[in-house]
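Two complexes follow with subunit A in common, the first pairing it with subunit B and the second with subunit C.
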Partner chain A sequence: MSRKLLINIISIVVLAAIIITLPMALNNVYWTSILVIMGVNVLLVSSLRTIKLLGHISLGHVGFSLIGAYGSALLVMKLGFSFWIAIFLGGLMAAVVALALAYPFLKVKGIYFALLTLLTAETFRLIVRYWPGLTGGFWGLLQIPSPDPITIPLIGTINFANVNNYYYLTAVIVALSLLVLYRLERSHLGFKWIAIQDTEVLAQSVGINVKWHKMLNFAIACFFAGLAGALYAHYQHSLSPDATSRFGVLMSIYLVVYMVVGGESKFAGPIIGTVVLTVISEFGRALGEYQPMMIGGIAIFVMLLMPEGLIGLPKRVKLVYRKLLNQTKRVRRS
Partner chain B sequence: MALLEIRNLGKRFGGLAAVSELDLDVGKGEIFGLIGPNGAGKSTVLNMVGGTLFPTRGKIIFNDQDVTRFPPYRRARRGIARVFQRDVLFRSFTVLENVLAGLSMSSSAGFIEIFFKGLSARNQEKAMREKAMEILQFVRLAQQADEMAINLPHGNQRALCLAIAMATQAQLLLLDEPLTGMNDEEIKTMMDLIRTLRDERGITSIVVEHNMRAVAGLCDRAAVLDYGRKIAEGSPKEVVDNPTVIEAYLGVEEDAV
Partner chain C sequence: MDLPVQVWVQAIANGLALGWLYVLMALGLTLILSIMGILQLAHGEVYMIGAYVTYYCCVSFGVNLYASMFISMAIMAGFGFLMERFLFRPVRAEILPPIVISLGLTLILMSSAVVGFGLYERSIPRLAQGSFVFLGSAVPKDRIIAVGFAVGLLLLVYLFLKRSKYGQAMVASAQSREGAILRGISPNMMSSMAMAIGCALAAAGGTLAGSILMLTPSMGTLPLVKGLVIIVLGGMGSLLGAAVGGIFLGLVDGIVPVAFSPGLTSVAPLVVVILILLARPQGLFGHE
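What follows is the complex of A and B.
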């Protein structure tokens, strides 16, 4: 037990050290900006998995991300809110919309839920596209300001127009969000959510308010989708409602692919999936418009050979290793 | 004093009257059998008492409280627990976790416990585990506590279903065909369990069965449904000998052609 704890602490420290030193080691604005987007995606995919705990696959997560992104940006630009409040309000807006939609949505399951969320996200995107007065419409929302600089005694003023600083901001917010999602999953709430996924009728029969828990779960997951969207908006300084933007259908599908390739059975799965696939697709940038084909190929490969996703890889390797070991033993004996 | 009172209960599915004008009283500590041919409306009655179906007319009164319009989770909190027909279990949980899920509504854990577990929360968790183990001992599943629930044999899964219902601290158990698909030994164990629950904990049960022999051996009282109407009520023996009941099960004796 204590040995396991020690290993956990060491791996967390090592991971933190890597995350902290990465931008300095890379020393490359392009790659650091990839890391920022990756962080945003990690949060999106991890919160997508929170919905998956109930057994639902949402194809509309980008829609709630869009609400957070536009919501936060507009609060800052039109109403003069501070970034630090606006990003959380952006997340909250996504959560409120999710809560309102959850009641009718969560009555359906499986493919119907996926379709419903997909169409909802598209609706959000089209509303934004055809409301130029508020959102800039087709041209998108431009000149979204960076977060206000903050002054910390002894360290000095931190200016978030700098990519490295924004990277650290993203890292901190994403890490804290993941901590919340992880604790939620391990708490009595997560326990009840998995119970609901297993069998709704029995969950009700043991006194779990299934409707409320479904709504709560969906709202929490969409809050973090909105937060991720807000983080993206103030980094990119512009938002587009285009179908090929990160609020389009393709991105929705990518998020699910990240989750499945990483392996949705464990908390770390979606994170690993996002990191690995983001890095791979960066190296595949030369393929241009054929890039999605590569991701698709990898997804098919992983699903056929590793149904548990990348997270199941160590177990598989161990299994194969043991098999080989037994074979060599048998050969020696004979 | 009846624990459960059903008054003039009716349920229509479109033009079909699945249950009509049903009056039933189930006393505290009774094992009450609900029998009848296929399609007689037994399961519909059970669903209405459990809350998964709402009646079109009539009232269901439990412990002097009108629960007719309560959703299932609120009835569970009042003390009505269901044991489902097929092996409805939490598939991704171990045996112990299944019982813990049953205990979950007696936990006081709130939002704070998500991030921080104080001493009292940890003590409560420990107490719940002990209680769950105690319940598992009662249904003789303590040895299998850490096995996955779905890996248990059929009879044990049924016993676990009962354990989950017990964990909710139910006063009234709704058992939907608890003996179906069991071998003789499993049937005996299950019947003993239901009886022991009544004798040691005063738990009332309503048992839906079409196995008449089992009902006669288990129940204190029984009612027979046919086409959604109650055609007989009384001790199992009276009910079985009732000519109307025999007619409902076997059809009317006709003169030989």
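What follows is the complex of A and C.
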């Protein structure tokens, strides 16, 4: 047990060191900005997995991320809120909307739920598109301010208009959010969610309020989607409701593909999937129009040939290795 | 409302034409959903590629427009058959994998369309020139022909499902897989057939849309979303529900932007869907 703990601590320290030194090692604004977007995506995909814990597949996560993004940006721009409050209020708005929609939505299951969430995201996008008075409509919301600089004693003033500093901010917020999601999953609440996913009727019969837990799960996941959206908004300084933007159907597709390619059975799966596919698609940028084809091909390949995703790969390798080992032993005996 | 009658007639005619295009989309989706239990999210792309196949047959090879529509339907049916056999059959029993595969397929087909057909807008030649005069306003002939085609296809599918041996076998395998096997029906074959018919319908819808509206690689997304709304509205597996839901949505799309504002058009379907789910979770015409 203590050895396992030691390995965990060492791997966390190494991971943290990599995350901290990465922008300095890359020393390139383009790559750092890719890392920021990747951090936002990691949070989105991990919270998507939280919904999957209940067996639901949401194709509308970008819709709630849109609420967080526009909500936070508008609070800062129109009402003069501070960034540090606005991003959480943005997440909260997404959570409240999710809680209200969860009641009718959770009457249905499986495919129907996926379908409804897809429609919801599209509807949110179109509302923003046709409400120019508030959201800038078709032209999008421009000139969203960066977070206010903060002053920490000994370190000095940190200005978040700098990409590297925003990267560290994203890293901290995403890491804390992931910690919360991880602890939630291992808490009493998380066990109840898993119980509901396994057998709903049995969970109900032992006194779990199924409906409430489902709604809570959806709201929590959407809170983090909203938070991710807000982080994106203040980084990008502009938001667009276009179908090809971050809030279109295509992005929903990418999120699900990230989750599944990584493997949704383990907490680390979606994170690994997002990182691996982001790196692959960045190196595939030279392919131009062929790039989405490659991601689509990877998704189909993973689904047909290794349904557990990348996270199941070590286990598979081990199995194959053992088989080979047994065969050689047999050969030796004979 | 103080709009002249002509505007109303125009709006309703446009709405009906759009509505029937959505019906063709929803019909294919609902067939695939009820018989295979799969949410085919790449159906919009099948619709788009069907339209392009018609375009190339008609414009590049000079085949008659109606003949090229049937060629396109046949090709897409074949494509659907292959898709079912090699992509969807291996993962039939689950929920997530078929969705992901159809999403991957969407990415692949859409980007191949961008690569192969280019991003610029084109359109298939009109189905007919000229227009009828109705209540003092002109209704283009091609819309009426498009509606006629769509109604005809809906009736054909209805007769196929109700009257023919294969149609009945398909309904049986949707109701109970095991029961169908006991009666000597192969559910796999029925799935292939449902996918082929669904894709042919999508190709027909795409062709009609391509001649009334425009051809672009992203033309399938909106009808797909509409088709999904219709499925929820009408209830899964109900042909009548698909028809009524499609016409309703089409009329909303045609009338509301004229009478109220375009923004309302986008919100109305979701609100209606939520209200219906609250009152009748199985959809308007659905049954348990």
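We take it that the second predicted complex is superposed on the first by the 334 of 334 C-alpha atoms of A that agree within 3 Å, B and C clash if a C-alpha of one lies under 4 Å from a C-alpha of the other, contacts with A are read in each partner's own complex, and residues count from 1 in each chain.
Just so we're on the same page, a contact is a pair of C-beta atoms (placed from the backbone, for glycine too) under 8 Å apart; a residue touches a chain by one contact, two chains touch by 3 or more.
Quick caveat: nothing in here was measured; it's all calculated off a predicted structure.
By the touch criterion defined above, A:Leu126 lies against subunit C but remains apart from subunit B after alignment on the C-alpha atoms of chain A.
By the touch criterion stated above, A:Ser281 is placed in contact with neither subunit B nor subunit C.
Look at A:Gly110: by the touch rule set out above, it reaches subunit C but stays clear of subunit B.
Looking at the shared chain after the overlay, A:Ile208 reaches subunit B, while subunit C stays out of its contact range. For subunit A, the partner that touches more of its residues is C, with subunit B and subunit C as the two candidates. Contacts of A:Asp198 after superposition: subunit B is touched, whereas subunit C is not reached. By the document's definition of touching, of the two partners only subunit B reaches A:Ser187; subunit C does not. Partner subunit A is touched in their complex by these residues of subunit B: 50-52, 71-73, 76-77, 81-82, 84, 88-93, 97, 100-102, 104-105, 107, 109, 113-115, 164-165, 167-168. Interface of subunit A with subunit B (complex): residues 180, 183-184, 187-189, 191-192, 194-195, 197-199, 201-211.
The touching residues of subunit C, counted against subunit A in their complex, run 33, 37-39, 41, 87, 90-91, 95-97, 99-101, 103-108, 110-112, 114-115, 218, 221, 225, 228-229, 231-232, 261-263, 266-267, 269-270, 273-274, 277-278, 281.
The residues of subunit A lying in touch with subunit C in their complex are 57, 59, 101, 104-105, 107-108, 110-112, 114-116, 118-120, 122-123, 126-127, 129-131, 243, 249-250, 253, 256-257, 260, 264, 289-293, 295-300, 303-304, 307.
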